[in-house]
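Following are the structures in question.
Presented sequentially are two complexes of chain A, the first with chain B as partner and the second with chain C.
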Partner chain A sequence: MTPRRMPIARSLLLLALTVFALAPLAILIATSFARGWFYPAAVPAGFDGGAWHDLFADAAHRGALLNSLLLGIATALTATACALPLGRAAAAGARPVRRAVALLAFAAVALPPVVLGVGLQLTVLSLGLGGTLFGVFLSHLVPALGYLTLVFLGVFTRWDTRLEEAAATLGATASMRWRIVLLPLLRRPITEALALGFLVSWAQVALTLLVGGGAVRTLPLDVLAMLQSGQDQRAAAGALALTIPALIVLGASRIAARNTAAVVA
Partner chain B sequence: MTAALEVRQLNVLFELSAEAAFAGVPVTRISSSTPLDEPPGFRVGLIDVNLTVAAGDCLAILGASGSGKSSLLRTIAGLQAMRTGTVRVKGRDVTTRPAEQRSIVYLHQEPVLFPHLSVLENVAFPLRIRGVSKDEAYRRAVDRLMTLQVGSVMGNAPDALSGGQRHRVALARALCAEPDVLLLDEPLASLDPAVLSDVRAALQVARTVSGAAMVLVTHDLDDALAIASHISAVSWCSLTEALTPDDLLRTPPDLETARLLGVYAEVSGVVSGVGEPVFTWIGGQLQAPGAAHGAAVACVRSHETALLAPGTAGMEVLSVVGRTERAHEILLELRNTAGETAVVRVGHDVAVRPGESMSISIRHARFFQSH
Partner chain C sequence: MNASSRHARTVVVPLLMAGTLLGVPILVSIGYLVAGALGWVGNTSSGAVGRMLTDTAVWRSVMLSLWIATAGTAIALIGALMIALLFGRDRRLDRLAQRVAALPLPVPTVATAVAVLLLLSQSGWLSRVAAQMHLITTPAQFPALVYDPWAIGVIVAVVWKELPFLLLVALSLQSLRGSALIDAARTLGATPWQATRTITLPLLLRGMAPSIVAVFVFVLGSLELPLVLAPSSPLALPMLIQERRQALGADSHADAYAIALIATALALSTALLHEKLRSDA
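Moving on to the complex of A and B:
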């Protein structure tokens, strides 16, 4: 390959990747605003915001959206609050402890959602929480906790414990060390963990379906139902609505990353 | 007068996860007045440590790498578990107190500054957490920074500082905590010569300004001599008695400590004779007052030897078979007619070369039984 051809090949590859990544999104946007777009027409008869209006006018959809937000926020907060001390304790522990925690966390992430869902369904049902929002929240917590424990295990394995030692001998109590040293330095991984925890719950379909048993509606389940019933425009609008919080969360975590000293190199 | 720091019967534990770091360091179970209690995951490294440091005084602890010096400091600071012994600060028993309640500041080998705080905020940190107002804390922090000649970097982030500046800022922060005891863990190791003198000067200033009892651990005699008023050494898993630098160099307590000091040539020979013992080595004989009879090692500094013309009365003729130049002295390898050899340290002014003959007189030496 000559040096002149390299940039062209690279440009083509970049273009292909861009199209591959953005084409579905473009089609979704077009479909969500389309009016009377039937096969084999290449373009819709017109554009309007009807699908978006229908989506948010429907109280059931709004309820599903609220459920998704509640589940996402509760899962993010709870999983972060549990995974942070768990990851810290495991990282400080002996190697067998570290390995055991990593293995358990990885199992929660790596198990096929259906396998995990069936196991969780049986557990949640036995607790009498089947078909409840709380039961679904507990089921979302399992993979989220797995992901976030792995995140914090990585953070604290490379964590410089001398920072806390220095603060302690300078007179800082345990709570001061958390407040003044640890939390500011952990702002970036905590923000990323909150974002990841939210997204794990936000995009969850299999666990919600199996544990919620159809009684708990979330936005992803509604989008699936709309797609199955041929409401393509509303399904597209719903799918796009699903991406908005994800983009906000990712943007927020990027801003936090920029504003935080990279102490965990 | 109450000592600022008093440590009694302390057994220092090594974490077994760090075992590899101590490979090759013999752990000899010498007699101990306290039972050796090793909790799971730990090994007893230093036994029956006793030390006393007065306010404003500085004790240097000399020891080889992996001998447990840092573990000793961490134990005193409350950063590492201890099973037996007591630690008192100004007469107050702090043995069971957490690190933050001991009034002991521990400075790591590499200065640890909080990366999310500016230099000024770092130095003001110990004052702010004690509830001192921001203005007053900053005023005192600036004062300390100026004392240690790093006032110009107070607005900088820690990662913008040079190695020497980081040390000075960490010292300024330690001084702002106004501790009764300041523990320094090899503060001069891994510094290049230009920064070394800079940080040594800062440590001397800190010692004068703080009035705290200082304990410095190091493997370098020069560092100890530059800062400390007394020196103790890690020998056979315990600490030797703290001596002034002059006393320690004149009469090191044992051969291991003498080797640690690194300033003596070791000359093998035999102590014998009726009445006043005499040490006989390949170069001749010298008085060995108080030395035990039998095989012995004489530790001799370079200025304690005198080169003589070959065949001087009573002296053996030796051939120079090796000459190694060092920064402040020369090592001469000598051989007698029977083929026995010895290495002595001589001053830089000695001009003899390999192949030449000479006699050598030892004016003074310390004698230890050879094992």
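Moving on to the complex of A and C:
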């Protein structure tokens, strides 16, 4: 099956792929800006920014957005700070140690969030943190740490330690080696890990729902509530408000990665 | 560096860190689930495990969740392989196709669910187009693609969300492996289809196995998509746990913990399979 011999199949598949990839995003944009879009009209009667205005004029939604941002940033920073040394220590370990750490990390990712949430709910409640932003942050850390440990385990398994050894031979202390050698070389994986950590928390529903107990509002929970109460336009605007920061974070991490590619490669 | 400090650095430190940061929350969570299912904590009654193992509603939920995860992962995989094989080169059209296919990657699951609902529901955009084309006159005449017994809406959302991830894995595997084996097979007289069937696909599938398992297990445990798009009878497994957890009564809470234990067993057995595939790959 050579692509060169299948120009029609390739063109048709590209067309289908474009429609498939863009249709859901297009419907979100159209619905969020639609004015007077009643069944069976296939296109709205007009467009305005009413749903977006309603979304951000509501102080409760703004609070939910702020909570989501705080949780995303705190989770990204903390999970990266913990997963980096963990991945490095595990990669330096023997094969059974690496496998044990990888298994634990994958278990944190593989456990359904509802399952993890039900268990963590009781833990957080017993610590007196049920229904608090800090309790929700602790619960978001578990899957984020799982993902990022797998990332750094992969990075350090292929890591060339000769530069660090050379720096040590030249008299660099452990902190100097981190500051001058390791961190500049790790800029790309650290940037990607921060982006991934943010996204894991940003899109989280089950853990927030269970551990937050309805007292902690985040943007994904608000979008679901709007949808369930029939506010389709606000829900579409909220869904896009969820998507745009995710796109920005991913785009920024890719640009940062591209800018550091020459250093790391 | 003496043997004991090396042992500490390579064995004790990573195990201690992983145990504290990952093992403790997981074990505490599972410990609470076991205790809750046995009626020891959290205002629960005993006997839930036996009750849930013989409850047909639970097994129907397990079957629905397995169906969604299997069908969604399989269709996303087939799509990713087709695109990787047809658009896997580094030409302009190929790069365009790869970028288009990767678009849904950063879209949060909740946003995906909202978009699919707006497209596929009986008053959604496809239904409106059908009405404009005089194929239907009322929303009820449009086939149920969400809240339907086959969970078509959930599966469409899974494919939209997971195809880009599997495609990226397939493309990176293709670029890493190069074309030496294919060239050798072609030199030895294999047709393009034979080379694809006997070399490219098996190599891709072997390399992608851990990612395929990861997608499967992610879909199996996803709450957001079933919450918005799945039928209410039977409920998908994460929704059944959530429903029993929110219900009043000690029996319901214990049932939620027991069902969560069944879901844990499914997820952990998949994690073990993932680890085996990862070490074999």
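Convention: the second predicted complex is superposed on the first by the 255 of 265 C-alpha atoms of A that agree within 3 Å, B and C clash if a C-alpha of one lies under 4 Å from a C-alpha of the other, contacts with A are read in each partner's own complex, and residues count from 1 in each chain.
As a working rule, contacts are C-beta pairs under 8 Å (C-beta built on N, C-alpha and C of every residue); 3 or more make two chains touch, one makes a residue touch a chain.
Here the structure is a predicted model, which is why all the values come from computation and not from measurement.
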After lining up the shared chain so the two structures overlap, which partner does A:94 touch, if you call chain B first and chain C second: first, second, both or neither? both
Original post:
Regarding the shared-chain residue A:163, is it in contact with chain B (first), chain C (second), both, or neither?
Top reply: first
- request: Go through the superposed model and pick first if A:236 touches only chain B, second if only chain C, both, or neither.
  value: second
Report task. Tell me which partner A:184 touches in the superposition: chain B (first), chain C (second), both or neither. Result -> first
Between chain B and chain C, more residues of chain A are touched by C
First, second, both or neither for A:69, with chain B first and chain C second
neither
| query | Does chain B (first) or chain C (second) touch A:176, or do both, or does neither? | reply | first
Practice item. Would you check which partner chain A:220 touches, where first means chain B only, second means chain C only, and both and neither mean what they say? Key: second
*asked:* I'd like to know which partner A:133 touches here: chain B for first, chain C for second, both or neither.
replied: neither
Residue overlap on chain A between the chain B interface and the chain C interface 94
Given the complex, residues on chain C that touch chain A span 9-11, 13-15, 17-19, 21-23, 25-26, 28-33, 36, 41-42, 82-83, 85-89, 93-94, 96-97, 100-101, 103-119, 123, 125, 127-129, 131-132, 139, 160, 192-193, 196, 214, 217-218, 220-224, 227-228, 237-238, 241-242, 245, 256-257, 260, 263-264, 267-268, 270-272, 274-275, 278-279
The residues of chain A that touch chain C in their complex are 1-3, 5-6, 9-10, 13-14, 17-18, 20-25, 27-28, 31, 39-42, 82, 85-86, 89-90, 92-94, 97-116, 118-120, 122-123, 142, 145-146, 149, 199, 202-203, 205-206, 209-210, 220, 223-224, 227, 232, 235-236, 238-240, 242-243, 246-247, 249-250
Chain A residues touching chain B in their complex are 94, 160, 162-163, 165-173, 176, 180-181, 184-185, 260-261, 263
So, in the complex, the side of chain B touching chain A is made of residues 17, 41, 77-79, 98-100, 102, 104-106, 108, 112, 114-116, 125-126, 129-130, 157, 173-174, 177
